[in-house]
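Naming follows writing order (A, B, C and D), and every chain is counted from residue 1.
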Amino acid sequence: MFMPTEEKPVFTPCDNKQRLIRYVDALREATSQEMANDERVFLFGLDVDDHKGIQGSTLGLLEQFGPERVFGTPLSEDAMTGFAVGAAMAGLRPIHVHIRMDFMLLAINQLINMAAKSHYMYNGQVNVPLVIRTMIGRSWGQGAQHSQALHALFMHIPGLKIFAPSNAHDAKGCLITAIRDNNPVIFIEHRLLYSTEGYVSPEVYTVPFGKARTFVPGHDITIVAISHMVMEALRASKHLEKIGLSADIIDPISLRPLDMETIVNSVKKTGRLLIVDNGWLTCGASSEIMARMIELLPEGLNGKAIPMARMGFADTPCPTTKNLENLFYPSSHTIAEKAYTLISGKTNTDWLPAATSKTEIDAFKGPF
Amino acid sequence: MTQDQALIARLYQSMLLIRELEQHIVDVYHTDAVKSPVHLSIGQESVAVGVCDPLNSDDIVSNTYRCHATYLAKGGDINGMMAELYGKKHGCAGGKAGSMHLVDIKHGILGASAVVGTTIPIAAGYAFALQQEAKKTGKQRIVASLFGDGATEEGVFTETINFAMLKKLPIIFICENNQLAIHSPLRSRWASEHICERVASFGIRTHQVKNADIFELHQLISKEAENIRNGISGPVFIECETYRWLEHVGPGDDHHEEYRDPNELALWKNKDQIARLANMLAPHEKEKINQKVAALIKNAVAFAEQSPYPDEEELFTHVYAN
Amino acid sequence: MFMPTEEKPVFTPCDNKQRLIRYVDALREATSQEMANDERVFLFGLDVDDHKGIQGSTLGLLEQFGPERVFGTPLSEDAMTGFAVGAAMAGLRPIHVHIRMDFMLLAINQLINMAAKSHYMYNGQVNVPLVIRTMIGRSWGQGAQHSQALHALFMHIPGLKIFAPSNAHDAKGCLITAIRDNNPVIFIEHRLLYSTEGYVSPEVYTVPFGKARTFVPGHDITIVAISHMVMEALRASKHLEKIGLSADIIDPISLRPLDMETIVNSVKKTGRLLIVDNGWLTCGASSEIMARMIELLPEGLNGKAIPMARMGFADTPCPTTKNLENLFYPSSHTIAEKAYTLISGKTNTDWLPAATSKTEIDAFKGPF
Amino acid sequence: MTQDQALIARLYQSMLLIRELEQHIVDVYHTDAVKSPVHLSIGQESVAVGVCDPLNSDDIVSNTYRCHATYLAKGGDINGMMAELYGKKHGCAGGKAGSMHLVDIKHGILGASAVVGTTIPIAAGYAFALQQEAKKTGKQRIVASLFGDGATEEGVFTETINFAMLKKLPIIFICENNQLAIHSPLRSRWASEHICERVASFGIRTHQVKNADIFELHQLISKEAENIRNGISGPVFIECETYRWLEHVGPGDDHHEEYRDPNELALWKNKDQIARLANMLAPHEKEKINQKVAALIKNAVAFAEQSPYPDEEELFTHVYAN
C-alpha cells in the first residue's frame, strides 16, 4: 500500500465513522454490500476468483457468496459479455470484470450492438442492468496494448452510462449506483488509483450519475480532470498555489451523462478552462467538453472567447520504456505549466518546483 | 410413430400461419407498406414450429433477424407483429424494431438481432438466470436458441458452446442449417461439414434432423426439454436441415441465380412439411384451419393499417431505462 | 440507378474524357485498376464474390482477377481482420469489405490493438497496408444495428487513417490513395451515395489524405459536412440561396488526418461555422472540429467568440419506422434552418421551401 | 531413436540460452533494471526450441506475450532483446515494445501481442501471403504460430482454425498447454479436455506431444514442415504438454499458492528437457556450451547497459508508415 507522504486524501471525514481506506478496498466493500443486499447481483470475469482477486478488489467475495455468484470464466470476452447481457435481461444484475480496458475491444460488439440498444430497440420491454468493471493500466512497461483508456469510444454511444471515479469515496458510491442502475454501465477504474486512500463511510451510500465534484475551489482557472488525472491536477494546483494562483479542480466522475452545469458555473467564475483527459484527445472527452462549452456559452464571457485548452495522451500508441512513457502522459508539471500559460499568457517555467515527491506513479512496480 | 390428430392440426396451423403471413408480406411488399428488409422463413417453418410447440409458454426462445417464424410459433402477438412490420405505434416494439427484431417478452420471445451470432451468448446468459431461478422455484424453465449455419462460424458461437457446457446450462441450441449464408454455400465456409461432430467435441449431446422433419424435431425437443427439466443436464445441440425457398432478404424467388440449384427447390418442395401435414388432415379439418389462419392475418392487417405511426416524441423514449 | 432530377453532380468535367458514373462504379473501377496495377492487392470479405457483389461495387472482379485475389469468407470478422493484418505485414495489400459498418465492432480489436499499433510497437519493422471498406446503411428500416456511422471510434485512435468520400470522383481517388497507403485505412462508404453520379476520369488518379474540399464557395457561413451529409448540406445551401445567403460547403473527405486549415480559412472569411456530422455528436467528429477551432483560433475572430454549432444523429439508437427515422437524421431543411439561425439570430422558418423534390433518400427501397 | 550429438548440442544450447537469460531477469528484477512485466518460459523451453530449430531461417514464428523463448530459439538478436528489456534505444524495438512484444523481422520473428489470441489470425494471414509467394517462387515458407491453452478459448482461435483449413494454409499451430491461464486450471475453462479432438473435427491433422519431449516435438515439426513444403497441405495442429515453473508474470516461484500443486513442480522438474540433454552430452561439450551461453548473456547485458535510453523525439516516430 502506498500513500504519497506529503499528500492528503481529497476528502476529510465528515463523521467519525469514516475510515481511511484504499480505493481497491472501497470497490470490494461496495461489491460485498450490494451482493449481500440483493441476491440478483453476481460477479464474474477472468480471475475474479483467484488468490490475487483483481488486485484485491474481489478478494474474499468467493468465500462470502460462493462459486455460483462469484466465478471465473474461460478467455471468451465476446461470449461472456453476451452472457452478462442475457442474464441481465432475465433480471439478474451481473458485474463483469476486465482486468485491462484493452480487452473490452473484444466485448464491444455486445456492448454497443446489444447492451446499449436493447432497451430502445425493444421499446422498453427489457432492461440491461449490467456493470462492466474495467481497469486502465499504466506504468511498468504495460505498453501500447495494456494501458489504453477508451472511455471516449463508449461516451459516443447512446444507451451506455459511464463512471470513472478518481478516489476511494467515489469508487464505492459510484459502484453502488452502477449496480442499482437499470442500464449498462461502464465502470472505469485506474490501476494507479487502487492504492490511494480516502475517507469512506462504512454505510451503503450512492454517488449519482451526472453530478461533477469540485475539489479545491479556486479563482483563476477551472481544471476539469478525468480519472487518474484528477490526482495530477490536484498536484498541479499545489504548484500553482505557490505562485498565488488557485484552480477549481472539477472531476466529472460520470462521463455519460456529463454534468456541464458545474463546469459552466465554474468557468463563469474563473474565466478559463483547462481540460486534462486521461485518454487521447481526438474525438475524446476533452473535445466533447469544449464543444458543449461552445453550445452552452456561445458568446463566450463578457463578449470574448473563453480561453480554453486541453491535454491528454500523446497522439501515439503508448511506448513501454519509462522515459518515453513519462512524456506520453500529462503530469502535474505540464498541467501547471499549461494552466499558468492560460492564465498569464506567459510560458516561463522557472517558478515550477524542480522535482516532486514520489507519487503513486513512481511507486507502482511490477510484475504488474 | 402414430401422431395424434390434435398435434397434427396444431402443428399444421402453426406452420401455415407462418407461411401465409409471410406470403402476405410477399404480396404487399411492392406497395411499400412494409418499409423494412424482410428475411422470410417460407420453406423453413417446420424448424420454428418443431422447436417452439413442445416448449412451455414461460420458456424462452431467442433468434436472429430471420425471426418471423419463431415469433409466431412461440405464440407472439400477431397483431403486434404486423403493426411492427408496418412501422406502426402498436407494433410489438412501437415501430422501433421492425422485421429483424421482433420481440414479445410476455410470450417468452427474447428479441432478435441483425448482427449474426450475437443472440447466442445472450440466450446462454438467460439460461443461466433460469438455472439459478430453478434452484429457488424447483421449476426449470428452458431457453431455445435458434440461429443459422452461418452463425456457427462466428467465434462467439464456439465460446458460448464451451461455456454453456461448462455450466451445464438449460439451453437447447438449434442450428437451422439451410446451407446458405446469404449466397455462400457451406463448402466455401466450413472446413468440415459435420457441425454435430464439432459441437460434440465439447462433450455436448447432439442430434441431426434431416429433411426438416417436423415430427422428428418435435419429438426430439420434447424429449430433451423433458431431460433438462428433470435435471439430466443441458445443453443440447440440434442441427436441422432445411431449405430457404425465397431469396435471402426480400420477397422474391432467386432460383434463377447461379448460386442456386433449381432442382434443389423441387426436391425440398417435395419434402414440404406443411403439405405433408395437410395430407394427414381430414379435408374439413384442414379447411377450418385454413380459414382460421386467413382470418387471423386479415385481422392483423386491419389492426396494423389502423394503427397510427408513432408520435414524434417516441424517437427519444426508452434510450435509458429508469 | 437514381439521380434526383433537379440536382447536378457536384463536379463538372474538366476534360472530355470524364464520364458521368455512379459512386458504386467509381469504387469498382478504382479497385479494378489498382488490382491490375499491383498484384499484391487482393479483395476479400463476406459476399464480395457473389452475384450481387457488394451492391455492385465488386461485380466482375472475380472474373477479372480470379478466386485467389477475390474471395468470400466465413462469418468470422475477428479472424478475417487479423488475417488481413497478417497478409499486410507479409507485404500483400488486402482490401477487406464489410457490407455494414456495424459489423466492424467485431473486428475492432484487431484494428485498434493490432493494426493501428504494430508499426509503432515494432518501431517501424512492419507496415500494415490494409484497406477496410465499410458501408454505412440508412433507410428502409435498417434500424439500430444496421445504420451506424462509427467513424468517431476510429478517429480516436492514432495509427489509423480514415476516408469518407461523398461523391464518385472522390470515391475513386480516395480508394486508390487508400490502397497505396502503407497504413491501415478505414474507408467509409454511404449506402445512399452508391447510386449518385459524378464526373470521373477513366485515368488512375489519387485524392490525398488531409485535404478538405470546398463546394459552392460562399460568404455567410461555413458548413462542414461529412459523408452523406454533404448532399444534404448542398441542398441546404440551395434553400439558403433563395433568401440570398451563401455557404462554403466543406467536405473534409479525410477524417484522420483532418484538414483544419481549409476550415479555419473559410471561417475567417464567413465568420460562422456549422458542422453537420453523419454520426452521433458526443465525442464525435463535430466535437473534434469544434475543439480544434478553439485551439487554432483561441481568441475567436475580431475579439469575439465565433458562432459555431453542430448537428448530427439524434442521441438515440436509430429507429426503423420511417417517420421516426426521418427525425433521427439532419436534413436539408434542418440544416438550412440552423444555418439561418446562426447567421441571422432568428428562428423563423417560413422562408423554407415546403417540400423538396425526391432525393436518393426516398428513392432507396428494399429489400435492402 | 538415436539422436545425433550435434543436434543434441544445438538443442541444449538453445534451451539453455533461454533458461539462463530468463534466470538473469529473475536475478536482476529487484533492481528495476527491467521495468516491464515479464512472462517467463522457464520450464517450457523445449516447446520453443522443438518448434523453431527445425524451421528455416526465413520461416516465420508468431507468438504471444510469453515470447522470450521463441525469440531466442528462432535466432532473434540477443543484444536487441536485452536492450529492449532494459528499455533502451538499441532494443529490438527501440524500447517501445518491451518484454511482451519482442520482434525481429530479419530473423522471421513476427512480434507478439499482449492481447491473448490476437496473433493467431495474423499468423494465418502471413501464411496466406507465403502460400501466394510459393506459387511464384516454387519455395514454400512456413509459419509457426504458438499460443497458450487459454488462447484456444477465444473465438478467434476457432475462426482461424476453420479458415486455415479451408484455405489449406502452410501453417503449424502449436498450443503450449501448461494447463493454466494465469491461475485458472483447464477444468474451469474447457468443457472437454481434448483439444486435439476439437481441432481434428475441422479435418486438420493433429498431434499431441506429452511430457514436453524435445525430440518428439522436434521430429514432428521436421516431418510436418517437410510435408507442407512438399505440398502435403497444411495446416497442422500440435498440442504440447508443458509446465510453467514460475509465476504467471514476474520472476517469482508461486508454488505456495493454493492453485498450485507442489508435487507437480517436482514431477515436471524430473522431466526437465535441459537436464535430460545435459546428461546426454560429454562433460566438456556441456561445459563449452555453458560458457558460451554465459558469455552471450554477459555481452548482451553489457550491450543493454551501455545503450542509451531513446531520444525524446522517439515518442512521435513510427506512428504512421510513410
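Everything below uses one rule, namely that a residue touches a chain if its C-beta (ideal position, glycine included) is under 8 Å from a C-beta of that chain, and two chains touch if they have at least 3 such contacts.
Only a predicted model underlies this, so the values are computations on that prediction, with no experimental measurement involved.
In terms of the distance between Cα centroids, chain D is separated most widely from B.
Chain centres here are Cα means. That of chain B falls 36 Å from that of chain C. Averaging Cα coordinates per chain places chain A and chain C 33 Å apart.
Look at where the CA atoms of chain B average out and do the same for chain D: the two points lie 46 Å apart.
The multi-chain contact residues of chain C, meaning those touching 2 or more other chains, are 73-74, 76, 78-79, 102, 106, 109, 113, 120-121, 143-145, 158-159, 315-317, 319.
The set of chain B residues touching two or more other chains comprises 96-97, 101, 113, 115, 153-156, 159, 162-163, 166, 188-190, 319.
Chain contacts here are complete: no pair of chains fails to touch. By the touch criterion given at the top, residues 46-47, 50-52, 72-79, 102-103, 106, 140-146, 314-317, 319-324, 327-328, 365-368 of chain A touch chain D in their complex. Listed in rising order, the residues of chain B touching chain D in the complex are 153-159, 161-163, 165-166, 188-192, 194, 197-198, 200-204.
The residues of chain D lying in touch with chain C in their complex are 92-94, 96-97, 101, 103-105, 110-111, 113, 115, 118-130, 132, 155-156, 159-160, 162-163, 166, 317-322.
Of all residues in chain A, only 78, 102, 105-106, 108-109, 112-113, 116-117, 120-121, 143-145, 148, 150, 152-153, 155-159, 256, 280-288, 290-291, 294-295, 297-300, 303-310, 315-317, 319 touch chain C in the complex they form. Taken in their complex, chain D has these residues touching chain A: 29, 32, 35-38, 87-88, 91, 95-101, 113-117, 150-151, 153-155, 181-184, 188-190, 247, 249-252, 257-259, 309-310, 312, 314-316, 319.
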